[in-house]
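The structures come next, written out as structure tokens.
After this come two complexes, each holding chain A, first together with chain B and then together with chain C.
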Partner chain A sequence: MTVETHDLVKRFGGFAALEGVTLQARPGEFLALLGPSGSGKTTLLRIMAGLDFPDSGRVTFDGVDMSDRPARERGIGFVFQHYALFRHMSVADNIAFGLTVRPRRDRPAASAIAARVKELLDLVQLPDLGKRYPAQLSGGQRQRVALARALAVEPRVLLLDEPFGALDAKVRKDLRRWLRAVHDASHVTSVFVTHDQEEALDLADRVVVMNKGRIEQVDTPDAVYNRPATAFVCDFLGNANRFECALRGGGVEIGGLTLPNAAPPAGDGRGQAFVRPHEFDIAAAGQPGIAATLRRVAHTGALAALECEVEGRIVEATSARPPEGLTPGDALTLVPTTVRAYPA
Partner chain B sequence: MTTGWPKYLLITLALAFLGANIALPLAAVFVEAFAKGWDAYVEGIIEPDALAAVRLTLLVAAIAVPFNIVFGLAASWAITKFDFRGKAVLITMIDLPFSVSPVVSGLIYVLLFGLQGWFGESLRDAGVQIIFAVPGIVLATVFVTFPFVARELIPLMQEQGRDEEEAARSLGAGGWTVFRRVTLPNIKWGLLYGVLLCNARAMGEFGAVSVVSGHIRGLTNTMPLHVEILYNEYNFVAAFAVASLLAGLALVTLLVKSLLEWRFADTIAGSGH
Partner chain C sequence: MATRTLLGYRRSILPGFGLTFGFTVFALSLIVLIPLSAVFIKTAGMGWDQFVAVAFSRRALLAYRLSFGAAAIAALINAVFGLLVAWVLVRTDFPGKRIVSALVDLPFALPTAVAGIALTALYASNGWIGQYLEPAGIKVAFSPLGVVVALTFIGLPFVVRTVEPVLADLGAEVEEAAASLGATRWQSFTRVVFPAVAPALATGFALAFARGVGEYGSVIFIAGNLPFRSEIAPLLIVQQLEQYNYAGATAIAATMLVASFAVLMAINALQAWDRGRREA
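After this line comes the complex of A and B, so read on.
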């Protein structure tokens, strides 16, 4: 199903959570809403769900206006960061809830509900835990149950609010691979919120990067990472180092060098340039490039991480083959290989 | 602070204080009540005016407690699950009966509905009597016991958050279903606890009821008022006999409350927080 929002605006008191958000999630797509806290991503998700309502703008499902419909009439599945399992119900009763609250004429028979619950317990790989209570489960198990509960009603769209946010790193990685597999098997349009760029890039078909209630860029993980549309996206993804620079004739003037701009073309003038840690060559002091002082070297496996100081600021560079014999305090030159620059 | 005499000194002080101020007076109630034997005790209770007072007290509690259950549930539901203007004002209003002297609470109703009060004349013309009659006693009791249920539920519901209700709504449940199947089961022990406290206060209230009752024997006397009248008439055995019923109610309340706390702590520990 296609989920669309049209020019959504939402304010909480004086705080503008959304300032005109237009977005489309395509049928069967796995869409990530990525942004720092306060960027409006959770508000956007809750408005899609009907748990919050916009001050203006519309939400449509397959072209049908849903703006005034409450959550219960939208046919959605919603997964909460803190699971929101019904604490006084067994796992099986939690999963069956969405089916048992249907009006009598639409409600499946008890045996059909039990069969569906069993099927879902198998799907989330917890076949023997139906009689347990949420408090008796680990975080990862609870989130699986929450997902099974949301899928039980065969939602037209699955909305997930930081679904892995409360889990530890190992469980988080396992669970997201598994979630992707569940999605690929069910083909239900899914939208999930995250502040973790790695998670978004790893999991999503397309990533929506949000900042201060606006969409900065919507594109594939590859495109938002390699062709960031705005300075914010470039800065937010990939731990880029930022430099002052000048933009002239399509080139970027930085540290005495003129380099091609890997970002979308911009007019002449002052700019800010971003260079990711792995996009530096390390050269001897006095060479053309950015003069730096080495502060620390850390050899982390295949790559060496160099912490350098440039004009009083810290710059991170990684190199597979750093010059040998470098010690803290040495002067060196950082030569950017790829630069993305945006008007300041 | 785990060893040594300060610990035992503090425990002894606390026990001495409790003994002198609570256990001793409680014992005195029963000793006095049975001072002239079992027969005198029973006589004090089955005397018609005493029975009327018991009946009236039960009646008042039977009206005030359900009213405040409904009000308390509605208020805590609104305050904890929704955002609206004036929420802080509503919370303050709920606390008002706690901060106002019960005598003042009673006087408010006399000023409103008494013969010289704002609505006094129109009520008299309509033939409705509120002050010095049962309706006044019920009103005053409802006012005084107003906060108990809500005060018990608001922190509990706040701590539980809105996630479960939102999850239920997203799964297609309507408002009543959400309340019956999600909210109510989560708060049932807290609710019972609040009802118990509310009931104890409704039956034991003296100040506010005293002002609006008029102390008409057999008609507008609740148990606490009846105790006072008997005592002022130097009828100590009967006074303490009726008082022993109230004391018994307090003890039962305390017992059930402890059982609930035990049970309640259990459910909270099981909720994963």
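After this line comes the complex of A and C, so read on.
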């Protein structure tokens, strides 16, 4: 199903959570809403779900206006960061909830509900835990139950609010691979919120990068990472180092070098350039490039991480073949291999 | 490692078990058990026939019925409206919320006699509310209904304050989850919210009920205290005391104590059963 929002605006008191958000989730797509906290991503998801209502703008499902429909009539599945399981119900009753609250004429027979619950317990790989209560499960297990509960109603769209936010790193990684597999098997349009760029890039078909209530860029993980449309996206993804630079004739002038601009073309003038840690070559002092002083060097496996100081600011660089014998205090030159620059 | 000491309790990081438990027993004995046992000892001084004559006279039985009945009805009313008040205080935000929250506690702080007089003035046949109710045939002041009104006033904070933290802890998310799964508001209340707060609600009910059974100050003003009709059991005790019949007073008190204890135990047992059921 296609989920669209049209020019959504939402304010909480004086704080503008959304300032005109227009977005489309395509049928069967796995869409990530990525942004720092306060960027409006959770508000956007909750408005899609009908758990919050916009000040203006519309939400449509397959072209049908849903703006005034309450959450229970939207046919959605919603997964909360803190699971929101019903504590007084067994796992099986939690999963069956969405089916048992249906009006009698639409409600499946008890045996059909039991069969569906069993099927979902198998899907979430918790076949023997139907009789347990949420308090007896681990965090990862609870989130699987929450997902099974959301899937039980065969939602037209699955909305997930930081689904792995409360879990530890290992469980997080396992669960996200598994969630992707569940999605690939069910092909239900899914939208999930995260502030973890690695999670968004790893999991989603397309990533929506949000900042201060606006959409900065919507594209594939590869495109948002390699061709960031705005300075914000470039800064937010991939720990980029920021430099002052000048833009002239499509080139970027930085540290006495003129390099081609890997970002979308911009006019001439002052600009800010971004260089990711692995996009530096390390050269001897005095060479053309950015003069730096080494502060610390850490050999972490295949790569060496260099912490350098440039004009009072810290710049991080990684190198597979750093010059031997580097010690803190040494002067060196950082030569950017790829630069993305945006008008300041 | 769970090691055992001579006294047989586990070594624990929590300090001072011996001291705190000792103090608990001592304080409970001094403040609760000794006065209560005195009631039974004093009662034991009178003969069985005499005891039955005082504690189970028709007048006393009707007074028990009014005390326990009105307390139960008032606690039930408070359970319904107290839950509503708690829900509003936890889930919604409105200007003056702190003031409303403070108002809920007022029945705790107000001398009960003041509450009784105020309620009587309101509900008497010439009072602000009573003047409209009386022509409709509803007599509140100086009737059993007045007792219920007074006990409802007294008991409200018990329900609100026991349910409030549980409701806050439950969070709005479970209600949103229920809505996203297609539940109507009524289903969300009956199947998600109510079962979760029911144990706290039962505790609040029990507290309000116990308070109502023992309430004296506010009731004697509004009840009218007509023998066989609007006379509560604590008033009978006072009357016995005024006649210097201490044994008679303790006989009624002992009967009330046993009945109250039985009711509270029953509520506790119900809660324990409910807990056991959901943790099994």
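Note that in this section the second predicted complex is superposed on the first by the 344 of 344 C-alpha atoms of A that agree within 3 Å, B and C clash if a C-alpha of one lies under 4 Å from a C-alpha of the other, contacts with A are read in each partner's own complex, and residues count from 1 in each chain.
The criterion applied here is as follows: contacts are C-beta pairs under 8 Å (C-beta built on N, C-alpha and C of every residue); 3 or more make two chains touch, one makes a residue touch a chain.
The model shown is predicted, which means the values in this text are computed figures rather than measured ones.
Asks: Chain A superposed: clash or fit between chain B and chain C?
Replies: Because the two structures are overlaid on the shared chain, the partners are seen to clash.
Asks: On the A-aligned overlay, A:Phe192 touches which partner chain: chain B = first, chain C = second, or both, or neither?
Replies: A:Phe192 sits against neither chain B nor chain C.
Asks: Going by the contact rule set out at the top, does A:Phe280 touch chain B (first), chain C (second), both, or neither?
Replies: Neither partner.
Asks: Does the superposition put A:Phe61 against chain B (first), chain C (second), both, or neither?
Replies: Neither chain B nor chain C is touched by A:Phe61.
Asks: For A:Phe30, using the defined touch cut-off, is the partner it touches chain B, chain C, both, or neither? Pick first, second, both or neither.
Replies: Touch partners of A:Phe30: none, neither chain B nor chain C.
Asks: Does chain B (first) or chain C (second) touch A:Pro134, or do both, or does neither?
Replies: A:Pro134 sits against chain B, while chain C stays out of touch.
Asks: Touch check for A:Phe232: first (chain B), second (chain C), both, or neither?
Replies: neither
Asks: Would you mind listing the overlap between the chain B footprint and the chain C footprint on chain A?
Replies: After superposing on chain A, chain A residues 49-51, 70-73, 76-78, 80, 82, 84-88, 97-98, 101-102, 133, 149-150, 152-153 contact both chain B and chain C.
Asks: Provide the residue numbers of chain C that touch chain A in the complex, in ascending order.
Replies: These residues of chain C touch chain A: 171, 173-174, 176-184, 187, 191-192, 195-196, 278-279.
Asks: What part of chain A is in contact with chain B in the complex they form?
Replies: Answer in residue numbers: 49-51, 70-73, 76-78, 80, 82-88, 97-98, 101-102, 133-135, 146, 149-150, 152-153.
Asks: Under the definition above, what is the set of chain B residues touching chain A in their complex?
Replies: Residues 163-164, 166-174, 177, 181-182, 185-186, 267, 270-272.
Asks: Give every residue of chain A touching chain C within the complex, in rising order.
Replies: 49-51, 70-74, 76-78, 80, 82, 84-88, 97-98, 101-102, 133, 149-150, 152-153
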